[in-house]
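In what comes next, subunit A is part of two complexes: it sits with subunit B in the first one and with subunit C in the second one.
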Partner chain A sequence: MFSNRSFAWKLGAALGMAALLGVHSERRGQSTSPDLGRCLAEPDRWEGTPLRLRGARVTESDASGFEIDVHGSRTRVVPAARVATGDAILLAGTFRAQGPFVQLVEFRKLEEHGEPGRLSVIASILVLSGVLLNLLRHFAFRPGVIQVKGVEGGDPAGTEA
Partner chain B sequence: MADLFTHLASARLPAAFVRDRRIAALLVIGTFLPDLVSKGLYWILRCSDNFETPTHTLVGVALISYAASLMVEERLRRLGFAALLAGGVIHIAVDLLKDNMGTGSSRLLYPFSPRSYELGLIDPLDVVFLAPFNIVILWAAWSIERKRRVQQ
Partner chain C sequence: MAALLVHFATAFASGQALRDGRLRAVLYLGVCLPEILDQGLLFFGGASPWVCLPVHSPLGLLPWCYAAALLFEEDWRARAFGALLAGSWLHLLVEAGGHSMGEGAMAWAFPFTMDRIGFALYRPQDAGTMVLAAGVVIAVIELGAWFRGRSRRR
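What follows is the complex of A and B.
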């Protein structure tokens, strides 16, 4: 399993299985957790579906609810919440076919978290750079050295340049 | 995802107990792999959320770790795989702490079960406030390593 024998096949199999898992998840996800656009296209089919909407932008707000745009799909959300036009929010809700609309369960305003969010991204980039540098202290990155070269009595450890 | 600083801190502590520094480095990079792969799929290949979901499952992490371990020289590969896998599992464990508004942060047992899990302890948008705790953890890891070097 961990030898150099049939190296390319093992690598291909692992990546292929990972890709198949992604395809399976994609297909299953379409039928169990559709995006807003799909719900709006077939409202009756997706009645009662729980939704978690990332990147929603409030386009209108009034006393009874508000409207959101999620990557070009627009819908109404009820009941009203403390949001204003232009707010970016994360939203969890339930899709209702009669309207159609989304029944709000919970939401978060992204602006309230804007600064820590940016800090978090900057910190993550710095940390990743540091970890990759540390990895390069211990391992040489030599794409030209293919592991299968070592199978036939050559250089199994890939220590030769 | 929790921020990578939090993931680093969560992996550095167990890595401090690993004698071989190369394996320790793999354990730390292992904890980054689920996010590196999922963000790569999302930002570079423009894959959907559903497609990248397996990157944060136990089976997905095992496959990614195995593929990554093949990049390591043969004699280190078995231990390297264990370290990468441990890092990935730590990553999922940290992500489970998040509050994803009830929708779950990881489908742990996918493809055997589609159920999502979350403990709902941390707002993912506020993870930066964990920084002081992370610094303490990193300091503890550094102290452990230093003590071990002195003993050797």
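What follows is the complex of A and C.
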């Protein structure tokens, strides 16, 4: 299973399997919980569908509700909530064909909790850089053979982090 | 979504049980792998959130970990696969503890079901506290190792 025999086939099969799982997830996910664009295109079909909208941006807000833009698809959300124009939110709601609009169940402002706040992104990049540098301390990458080899005289005793 | 530092701290703490520093290095990579794949597919690949779902599921991570393990030298692949998978699953365990607006954070049995589970043990508001706690855990472990090394040298 881990030998060099049929290396390219094994690597191709693993990546192919990963891609197939992605396609399968997309198909099943869109059939049960489609994106906002599909709901707006066929409102009657998706009446009552629970939605979870990631990366919605508030474009307008008033006393009765607010409007959001999700990757170019715009809709109204009711009832009103504590949001302001320009807020990025994660929203859970139910799609309603009569309007159409989204009935708000729960929402969360993304920047409010630093998600994905600039500081959080910078910290994550630093952590990832540290992890990769630590890996390079123990392994040498040789793209020519698409293999990574343990560094001779490395740290098999594991005294280093 | 917990910060990457929190995920790293869980791997750093559990990795202390491993004697081989190289294996620990792969475990650390494993704990970051679901996030690298998720963000990579989402922002650089332009994929929809549904396409990204398998990289936050135990079975969906299998082919990715296997493919990554194949990039190691032959003798190391089985160990690398184990460490990558253990790290990745540790990541999922921490994510499953999060509050994700009633939907659940982890597709636990994908591709057989799209159902997700979540334990709602912490909320996004707790992110700052968790990062602080992660920093303390790492510092305590490092200090412990430093004191042990110092007493050994005496």
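Assume the second predicted complex is superposed on the first by the 141 of 161 C-alpha atoms of A that agree within 3 Å, B and C clash if a C-alpha of one lies under 4 Å from a C-alpha of the other, contacts with A are read in each partner's own complex, and residues count from 1 in each chain.
Just so we're on the same page, a residue touches a chain if its C-beta (ideal position, glycine included) is under 8 Å from a C-beta of that chain, and two chains touch if they have at least 3 such contacts.
Keep in mind it's a predicted model, so treat the numbers as computed, not measured.
Of the two partner chains placed by superposition, A:59 touches none, neither subunit B nor subunit C. Contacts of A:127 after superposition: both subunit B and subunit C are touched. Contacts of A:21 after superposition: both subunit B and subunit C are touched.
Touch criterion not met for A:6: it reaches neither subunit B nor subunit C. Once chain A of one complex is fitted onto chain A of the other, the partner contacts of A:32 extend to both subunit B and subunit C. In the superposed model, A:135 lies in contact with both subunit B and subunit C.
After overlaying the two complexes on the shared chain, residue contacts for A:108 are found with subunit B and with subunit C alike.
Overlap of the subunit B and subunit C interfaces on subunit A comprises residues 2-4, 7, 10-11, 14-15, 17-18, 21-26, 28-30, 32, 52, 54, 90, 92, 105-106, 108, 113, 120, 123-124, 127-128, 131-132, 134-135, 137-139, 147, 150, 156-159. The touching residues of subunit B, when paired with subunit A in their complex, are 3-5, 8, 21-22, 25-26, 28-29, 32, 36, 41, 47-54, 57, 59-60, 63-64, 66-67, 69-75, 77-78, 81, 100-103, 110-111, 114, 123, 125-129, 131.
Contact residues on subunit A toward subunit C in their complex (touch as defined above): 1-4, 7, 10-11, 14-15, 17-18, 21-26, 28-30, 32, 35, 52, 54, 90, 92, 105-106, 108, 113-115, 120, 123-124, 127-128, 130-132, 134-135, 137-139, 146-150, 154-161. Taken in their complex, subunit C has these residues touching subunit A: 1, 3-5, 8, 12, 18-26, 28-29, 32, 35-36, 41, 47-54, 60, 63-64, 66-67, 69-78, 81, 101-103, 110-111, 114, 124-125, 127-128, 131, 142. Touching subunit B in their complex are the following residues of subunit A: 2-4, 7, 10-11, 14-15, 17-18, 21-26, 28-30, 32-33, 50, 52, 54, 90, 92, 105-106, 108, 110, 113, 116-117, 119-121, 123-124, 127-128, 131-132, 134-135, 137-139, 147, 150, 156-159.
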